[in-house]
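Multiple structures follow.
In the two complexes below, subunit A is the common chain; its partner is subunit B in one and subunit C in the other.
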Partner chain A sequence: MTRSRLAVALVVLAAVLMLVPLLWVLALSLKANGELMVDTASVFNGRFTLENYRNLFGNGAVFRWIGNSLIVSLGMTVGVLILASLAGYGFARLEFRGRDALFVIVLLGLAVPEQAVIIARHQMFSWLGMHNTYQALILPGLSAPFGVFLMTQYFRAIPKDIDEAALLDGASRFTIFWKLLLPLTIPAQATLGIFTFLSAWNDYWWPLISATNKDMFTLTVGIASTQMNFAQTEGLGFLMAQAVFAGAPMLIVYLFFQKYIVQAVAGAAGR
Partner chain B sequence: MRALWLLPLALLGSCASPAPDKTRLVIQRFFGACEAEYGRATDIAKAEGECGIVTTMINRFQAENPDVDVVENVVFWPGYDQLTAQLAANDAPDLVTMHGSVISDYQARGLLEPLDADLAAIGAPPASFTTAARTAVTVDGRAWGLPIDTWAPLWHINMNLFRKAGLVRGGKPVLPRSPEELYAQAQQFRERTGKPYLVQGAANEYAGFTRNFYTFVMQQNGTLFRNGRATFATPEGRNALQLFKTIYDRDFTTKNQDYSAAVAGFLKGDGGVFLVGTWMVGTFDAESRKTSGALANGGYTVMPYPKLFAREATFADGHVWVMPRSNHRRPGERAAAIRFLKFFAGHAKHWARTGHLPAFQAIIDSPEWRALPHRDNLAILATTAQPLPKQVRRQFPIETIVGTEAASAISGAKPIDRTLSDMERRVNEVLENL
Partner chain C sequence: MSARRDWRGVLFVAPYLTVFVVMLVVPLAMGMWLSTTKSDLFGTERWVGLANFVRLFGDAIFLQTVGNTFTFVLLTGPFLTLAGLGLALVLNRPERWAAVLRTIFFASTVLSVTVVTLVWRLVFLPDGGLLGVTAEALGGTPIAFLNNEKLAMPAIAVTTIWWCIGLPMVLFLAALQQVPRDLYEAAALDNASRWTTLTRITLPAIRRTFFLVIIIEVILQFQLFGQAQLMTLGGPNNATRPIVLFIYEAGWRQWELGYAAAAAQVLFAMILVAAMLQYRLSSRRAA
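Up next, the complex of A and B:
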C-alpha cells in the first residue's frame, strides 16, 4: 500500500514537472511584451492581458493558415493510410517476384533524411509548376516507409487461416483485404494516422520553401512569419501566444484520441 | 452532403482570387506582422516600430494606387531560404527586403536587377544616399537596390550609472579614447557602482563578437579581406581580440547572458554600456522617459563606438529593397514596383523613427531628423559606418564562424593566435567553395 502511494506520488510529481513549462508558456502568453522584456518574473505580479491573443486573431490570415494545415494534414493522413495499408497487405500477403528486394528498397527510405533529397524534390515540383499548391504540400508526405513497414508487420501478425478460409468461400483478394483484414488493423491504422497527422501538422521546412505565397502558408510557417526579428526579446508574450495557439489543435486531437495514442505508444514500446 | 465537404475548399479558393484589371505587385519583407494594430492604418506619421511603419507605408501606397493590387508576403526573418526557393522555382516576388551584406551573394549569381536608371528616374540616385548606404547597395559600380537604412552596433549608455561613476562631463558621457583608457574607466566604474562597465549578450549570440571584432580591426586600418580572402591573423586582429579578452578577464563585462537577458539586464541597470544595434534606441529612450527604472528620468543616451585606435569606424550593415530577376515580370508589374520604390523613398523620413540611420543624406542633414532623440550623436555614422567589402560573399555564415572563434578566444578556451588562424582558415574554406 505504502509502495503504491509512493509510486502515485512520484507519478504526480513527474506530471507536475512536465506541466510546469507548459503553464509557464501559457502564463507568458498572458503578459504584456513590454513587461516581459524587462523581467519575465513579472508573470507573478498578477497583471495579465489578452492583448497577445487579440493581436494574433487580428491577423485575418491566421484562419486561412489553420485551414491550410487541416487540409494538408488530413490529406496526408488519409493518403498515407490508404497507400501504407495497400502496400503493407501486398508485402505481407502477396507472392510476387522481387517482393523482398522491393521491401528492402522501401525500408531504405527510412535511412534517407529529408535534407538529402530536398533540393531534388524542390526542383521536381518546380518543373511541374506545383509549388504553392496543396498537392505540393501533401504528395511528398505520402511516401511513408515507416507506414509501409508498420502495416506490413501488422498484416503479417494476422493468421493466414483467415485468408485461406475466405478464399475457399470464393472471396476475392480485395474482399479479403477490405472486409476481413483491414478492420483488424484499426489499432495500427490509428497509430499511423495519429503520427502522420502530428508530423504533417508540425512540419515546417518543406512548407517554408514550397508554400511561398502567404495564402498557401500552413500554420507553422504563417505564425513564424508574424514574428519580429527579435521576437524572443521584444515580443515574448506574443511568441508564447503563438505557441499556445499552434499547440491547441494538437491538444484537442489528443483529448479525442488519447486511448489510441496511449495504445500506440504502449504498442510501439512492447514491440 | 458532398457539397458541404467542398464548401471550406471553395471558401479558401475564393480568398486567393486576384483582383481583376489590376497590376499585381508582390512585396516580400521581414520585420514581422502587426496586422491587428496596423492592418488598416494609412497615417504613416502615427505608426511606430519597424513593423508598424512598413505596414502603414504599404497600406498607404495601396490606398494611393488603386490600379495596383499589392500582395504583401511577410516572411520569417531573414527569409532567404524562401527567396532562394522562389528564385529556383522562377517565382520571385517583385520586391524583397534584403540585408546589404547579402546583396553580393545574389548579385554574383545574376539573381538581381540593377536599378541605377530607375533610381535616377524616381529622384533617388545613389549620389543622394549616405556613404554607408551607397556602399551597401553598390557592387561593380552599379546600384542593386534602394537602401532602406543603415544599422550599426552602438554604445547604449546608462547615464544614471555613469553619473554615479563620475563619467559624465557637461551632461555628456566620458568615453575612452584608447584601450588603456577603457580599462581605467571600467575600473573606476566598477569601484563606484559595484557593477561591470559593459553589458553584452554573449551566450548563444555570436554576431556581437563579430561586430566588435570587425569594428576594432577597422579602427586600426586593418585589412579584414584582401582579394576575396580573409586576412584575420594580423596584429590588428590580435589587438581587437585582446581588447575584449582583457575586458572579460578583468570582469568589466556581464557574463553568460543571452541577448534577451542582456536587454533585460541593461533595463534593470546591470551595467553601464550595452553593446547592441540601432534598433534598440527607441525602446531604451522610451524607458528613459519613465519616472522609475534604471534608465528613468532621462538616464539614457547612445553614442557610436568610441575611437579606441587610429580612426573612427564602426562595422555596419543595412536593409535594402531589391528586385529579384524574373522571366515572368511584365512591364506593368516592374513599373508598379518602381512606383513603390519612389513612394518609399519619398516617405523615408518616417522610417528614421525606427532608430536606424536614414539612407538619404538629406534626411540626416534635416533639422527634423536631428530633433529626434539622440540622433545628433549618431549622425556621424553616415560617414564612419563601414560594411564589409562587397566582394565578400556568404557574410552570414562568415559572421557565425568569426563570432564563435572570437568567443572562444575571449573566454580563454583557445589562445588568440590559434583562434585567428583557425578563424581565417575556416572562413577561407567557405570562400574557396563558392
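Up next, the complex of A and C:
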C-alpha cells in the first residue's frame, strides 16, 4: 500500500515539473522588459504588467502568422477529409481493376518519412515558382496516406446491406456515398480532421523552407524567426508573451476537445 | 453484385491518387535519383553514381551526426517508453485527480516545436533562466547547459521528453483498458499480490503495445530536428547535430542537394528497418 502511495506521490511531483516551465514563461510574459533585463528573478517580486501583450497586439506580424496558420491548417484538413473519404469509399466498396494492388502501394507510402521526399518536393515547387504560396504549404500534406487508410478501414466496417438496398432502389454510387455512408463516418472524420489540423498547425520543416517571405510565415516559423536572434529581441518579456500567445490557443482547444485529440493522436500513432 | 467490375470506382480514388503520385511517389523517386547526382540550386550537374554515399561514409561530421542521433534515441526512447508505462499504470483509474494528471501529462504534446524550444531555452538560459535563477537562490552557480558539449544533448533530451511523454502514456492507457477484467478477478480470488498481478497479468497482456511504443518512439526520435536547430544549432562543436539537421544544412545552407538527398536515403533506410519491425508487430497483433 505504501509503495503505491509513493508511486502516486512521484507522479504528482512529475506533473508539477511538467507545469513549472509553462508557469515560468507565463510569469515572465507578465513582467516589464526593463525589469527582466536587470534580473529575471524579479518575477518573484509580484509587480506584473500587461505591457508585453499590449505591444504584441500593436505588432501585426503575429496576427498575420496566425492567419496564415489557420488558412493552411484548415485548407489541409478540408482537403484531406475530401480526398480520403472519396478514396476510402472507392477502395472499400467499388471493384475495379488493380484496386487491391493500388491500395497496397498507398499503404507502403505510410513508411516514407518526410526527409526522403522533402528535397525533391522543394525543387519541384521551385521549378513551378510556387514557394511562398498557400498552395505550396497545403499540397504536400494532402498526400499523406494515413487518412485513406483510416477511411478505408471505416467504410469496410459499415454493413454492405445499406448500399445494396439503396442500389436496388436505383440510387447512384455517389448518392449512396454522400447521403447514406458519409454521415456514418463522422467519428472517423473527427479523428482524421483533428489529427490533420494539429499536425498542420505544428508543422515546422516544410513551412520553414517553403515560406521564406515573412508575410507567408506560419505561426511556428514566425516564432522560430523571433527566437533565432535571441539576444537582440525586443525583450524577453515580449518574446515570452509571444510564446504564450502562440501556445495558449492550442492548450485551450485541447482542454475542450481532450478526448477527441487524444484519440486522434493515439489512433494515428497506432496505425 | 459486389463482384461486379465498376469503373466508377476509379473516379473516387483518382483525386487522391493524383496527389499521392505527384507529391509522394515522384519526389521519392526524384530524391533517390538526386542522391546519385551532383546537384545544386540551379539543377543537376552530372551523374556521380554512388560517390555521394562514399563521401558520406568518409565524412566525419556525418558519422558524428549518426552517432548523435543514436545517442539521442537512446536517451529518449527507453525513458519515454518506461515513464509512459509508469504513468499509465498509476493513472489508469477512474478518480477525478487521475483524469486531471492525465490532462497535464498530455498537454505539452499539442504545442509546436517552436513554442516548446522557446519555453525550454528560458529554462536552460544560464543568465536568468529558471535553472540559473534556482541555482543562484540555492547558492550555486548557473550552468550553461546548451553551451556545454556534454550537457547539451541531455538538455535537448529532457526538452523532448517533456514534449513527447503524452503519447506513450495514452497508448499504454488504451492497452490497459483492453486487458480482460476476468483475469484480474481470478487473480483477486487467488489472493495474488499487487506485484504478482502486475508482473504475471498486466505486463504480459500489454507486451505487444510495449514493443509498439518502443518502435514508434525510435522512429519519431530518429527524426530529431527542430529542437536541435532551435536550441543549439547543432553545437557546441557538432555535439547536438542530428542527421536531419545535417540534411537540412547540406540542402539549404550549402545547396548541395545531391549530397543532402544521399544523407536522406541513409536515414530513410534506417527508419524503414524500424517501420518494418513495427508492421510485423502490429499485423501479428491483429491476427
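Convention: the second predicted complex is superposed on the first by the 189 of 271 C-alpha atoms of A that agree within 3 Å, B and C clash if a C-alpha of one lies under 4 Å from a C-alpha of the other, contacts with A are read in each partner's own complex, and residues count from 1 in each chain.
Note that a residue touches a chain if its C-beta (ideal position, glycine included) is under 8 Å from a C-beta of that chain, and two chains touch if they have at least 3 such contacts.
Since we're looking at a predicted model, the values are computed, not measured.
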{"item": "Touched partner set for A:209, first subunit B, second subunit C, both or neither", "value": "both"}
{"item": "Subunit B versus subunit C, judged by how many residues of subunit A each one touches", "value": "C"}
{"item": "Touched partner set for A:56, first subunit B, second subunit C, both or neither", "value": "first"}
{"item": "First, second, both or neither for A:167, with subunit B first and subunit C second", "value": "second"}
{"item": "Which of subunit B and subunit C A:13 touches, first, second, both or neither", "value": "neither"}
{"item": "Touching partner for A:243 - first (subunit B), second (subunit C), both, neither", "value": "second"}
{"item": "Which superposed partner A:224 touches (first subunit B, second subunit C, both, neither)", "value": "both"}
{"item": "Partner chain in contact with A:95 - subunit B first, subunit C second, else both or neither", "value": "second"}
{"item": "Touched partner set for A:186, first subunit B, second subunit C, both or neither", "value": "neither"}
{"item": "Partner chain(s) touched by A:261 [first = subunit B, second = subunit C, both, neither]", "value": "second"}
{"item": "Residues of subunit A at both interfaces, subunit B in one complex, subunit C in the other", "value": "39-40, 122-123, 126, 209, 221, 224, 227-228, 230, 236"}
{"item": "Residues of subunit A defined as touching subunit C within the complex", "value": "3-4, 7-8, 11-12, 14-15, 18-22, 24-25, 28, 36, 39-41, 82-84, 86-87, 89-91, 93-97, 99, 102, 106, 109-124, 126, 139-140, 142-143, 145, 148, 160, 164, 167, 173, 177, 198, 201-202, 204-205, 209, 219-221, 223-224, 227-228, 230, 236, 239-240, 242-243, 246-247, 250-251, 253-255, 258, 261-262, 265-266, 269-271"}
{"item": "Residues on subunit B engaged by subunit A in the complex (per definition of touch)", "value": "8-9, 11-12, 15-16, 30-37, 39, 50-51, 71-77, 81-82, 84-86, 88-91, 259-260, 263-264, 267-268, 279, 283, 293"}
{"item": "Touching residues on subunit A, where the partner in the complex is subunit B", "value": "37-40, 54-61, 64, 67-68, 71, 122-123, 125-126, 131-132, 208-210, 212-215, 221, 224-236"}
{"item": "Complex contacts: residues of subunit C adjacent to subunit A", "value": "1-13, 15-17, 19-20, 22-28, 30-31, 34, 41, 86-87, 89-91, 101, 103-115, 117-123, 128-130, 133, 136-137, 162, 165-167, 170-171, 174, 194, 212, 216, 219, 223, 225-226, 230, 244, 247-248, 251-252, 257, 260-261, 264-265, 267-268, 271-272, 275-276, 279, 282"}
